[in-house]
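You will see chain A twice below: alongside chain B first, and alongside chain C after that.
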Partner chain A sequence: MKSIFFAVLIIATSASGQQCNQAKILNVRTSTSENSKLNTETAFIIQFKAQCQNNARNVPFYAEIDGKFLTSSADATGENYEISWSEPIKKARSGEIKVRIFDEEGYGAFRKAQRSGDLSSSKDLQTVTFYHQGSYKGPSVQIEFLVTVLFGVIFYFAKSSMNKIQN
Partner chain B sequence: MKCVIFLLCALLANVVYSETVVDELEDAKLLVAKNVLNNYIVEGLNLTIKYTIHNIGSSPALNVKLQDENFPAEYFEYASGFSVAQWARIPPKSNVDHVVIVSPKMPGMFNLTSAVVTYLPSEKASKVQTGYSTELGEVYIQRLSDYNRRYASQTLNWILFIIIASPSILIPFFLWKSSTNKYQKSKKAKKSN
Partner chain C sequence: MSAKSSKSKNLSQEEEALLQDYSRDLSTKSSALFYGNAAIVSAVPIWLFWKIHQMEPTNNYIYFILGTLFTAYLISFAYKNVKFVLKHKIFQNLDNVFPNEKEKKNEDRSLKKKNEIAEYEATTYSIFYNNSLFLFILLVASFVIFKNFTPLFNYFLSMSIASGLLALFSTSK
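Let's look at the complex of A and B:
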């Protein structure tokens, strides 16, 4: 009897899709690709480490960004997670970007709350706010244009003085 | 004659119908697209790679593991993201993204090969399926100096140019200015006399 009970417990705990109890999110690191000349799309990456009470690894986390939902990926150890997405440069807006991270339970509750229209009760694990300063599109005025204008002014001044002297 | 045509049509319809029935996949099937989000690949600057995994089957894919050996440590440095990514479960008819930022250490020709994805196609499956991503072939990693010469802002170079060119403009200007001042002074002196 005991062995059957024990076997059932083992099977239950080794089932894939483990739940993460009381996840703690640490070491949040964000990076964005910021050069619009070099890149075709702007990429956003959020990396974090999650510690679960029951030491579960490779657990899905979900992120909500501007109404879009993304799933996290885990690395080989299963402890470090990454949420990443990319947007065309023209669409990627600069400024504050708020990302809400949910675990599976929280995500289910959030979707339910969304459907019922009552969003006040949904609680996320962590809200990551990072600032995207906008892609560098190059200088607003080309330096070559400025130099051309400068030498044009000098030339005009010299030519007009020359004409004054000759007349 | 009519009989033959009718039989041919029936055969064709049967073939077409059975093909459309077979199209519906029961198990999970993952297609992986590997995209380079860069216009140019330059040594020392970030190269952004996006992997998109689509599950076109009707079952969730389990224990998905995406591995990319394309960026070994002696030629590339991982600025962000992991070379091995795992998902416990990818639901049917959905997709997931994984973005990686690497930085090449050396210029030259480089071959961008496929990433490998392994997964279990259904909850009852025991045999692991392997899939390969799209590959991009050979690309050229430019030197940083070449890239800066062509595409970077040349402000410093122009300022240096103005500094170097200014003697050939300012020396005649000051000569002219001093001679006009002298001329105007002597003109005033003559007038007052």
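Let's look at the complex of A and C:
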């Protein structure tokens, strides 16, 4: 009885810790929030589909961005993954952003290489490069200022014409 | 008897014309023009405060009506004053237009013509000048001076100051 229970536990733990063999990253989509007037922070989202040779689902993937690591989340099917993070609008940089995606094995190897200082040996599954054009911060000149200046010019014209008549 | 009475009638007619010329009273046409324009210019800021300062007309229609009526009265007062001052200046500048007014029989006609031209130009100029000044003061008051006030106070203060200053400046020569 005890041996059966123990065997069931071993099967359960091995199933939850299953690895994705020869993962293929497909259908990569990226999006960023681009309006600082509607958001308090800039959000970055990478969505992709991962196909494993051993049909493993809901496996962890890791993304490396500027030396920081993030873990992925999966949807109900276990095949579609998403990695997302947010930064304060002022701190979020615009331009090209490179994100390296690792599986669990690759992540472990990268961390080892990081500690040893030799990053050349680390291999990622895929490097996703996308472009963030920056958040729209509103018009550089307030429209009410422009309208006030316009009416000021019109009034100046009216006043100078009146002075001509009176003189 | 009849010649004497017609002569006195002519004099009194001339006097009447002079009195009309130098009085601030408006003809019906001028009144309609002034009050109509004043009402329109006073009503324009309602759209500004509704769309930009988020003052819903359904909740604030009483304030809008009161503000519009008060402002329209002051603007029409300013129109009258500026028109009165300008009319005489324009009339003087029109001396060159009718050089032969020394002929007695055409004098009345030329004076009448000059009067009409001066009346029309002074009216339109007064409307243009006062409208531009009113809107300029209103924009400065609502977007700069009172921008941190609640919309209702912003509306009343901006409209009062703009129309009040307009009436004040119009009393100077």
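Criterion: the second predicted complex is superposed on the first by the 153 of 167 C-alpha atoms of A that agree within 3 Å, B and C clash if a C-alpha of one lies under 4 Å from a C-alpha of the other, contacts with A are read in each partner's own complex, and residues count from 1 in each chain.
FYI, a contact is a pair of C-beta atoms (placed from the backbone, for glycine too) under 8 Å apart; a residue touches a chain by one contact, two chains touch by 3 or more.
Remember, predicted model here, so these are calculated numbers, not experimental data.
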Clash or fit: chain B against chain C, after overlaying the two structures on chain A?
fit
Can A:152 be said to touch chain B (first), chain C (second), both, or neither?
second
Superposed model, angle subtended at chain A by chain C and chain B (C-alpha, nearest 10 degrees)
50
Going by the contact rule set out at the top, does A:78 touch chain B (first), chain C (second), both, or neither?
first
Check the residue A:166 against both partner chains and state whether it touches chain B (first), chain C (second), both, or neither.
second
If you stack the two complexes on chain A, which partner ends up touching A:37: first (chain B), second (chain C), both, or neither?
first
For A:70, select first, second, both or neither according to whether it touches chain B, chain C, the two together, or no partner.
first
According to the stated criteria, A:144 is in contact with first (chain B), second (chain C), both, or neither; which is it?
both
Have a look and say if chain B or chain C is in touch with more residues of chain A.
B
When the two complexes are placed on top of each other via chain A, what is the minimal CA separation of chain B and chain C in Å?
6
Intersection of the chain A residues that touch chain B with those that touch chain C
144, 147, 154, 158, 161
Taking the touch rule as given, give the residues of chain A at its contact with chain C in the complex, in rising order.
144-145, 147-148, 151-152, 154-155, 157-159, 161-162, 165-166
Where on chain A is chain B touching in the complex?
16-18, 29, 31, 33, 35, 37-41, 43-45, 47, 58-60, 70-71, 73-76, 78, 80, 82, 84-86, 138-139, 143-144, 147, 150, 154, 158, 161
Looking at the complex, which residues from chain B come into contact with chain A?
37-40, 42, 45-46, 48, 50, 62-63, 66, 79-82, 84-90, 96-99, 101, 151, 153-155, 158, 161-162, 169, 173, 176
Quick check: in the complex, which residue numbers of chain C touch chain A?
52, 85-86, 89-90, 93, 125, 128-129, 132-133, 135-136, 139-140, 143-144
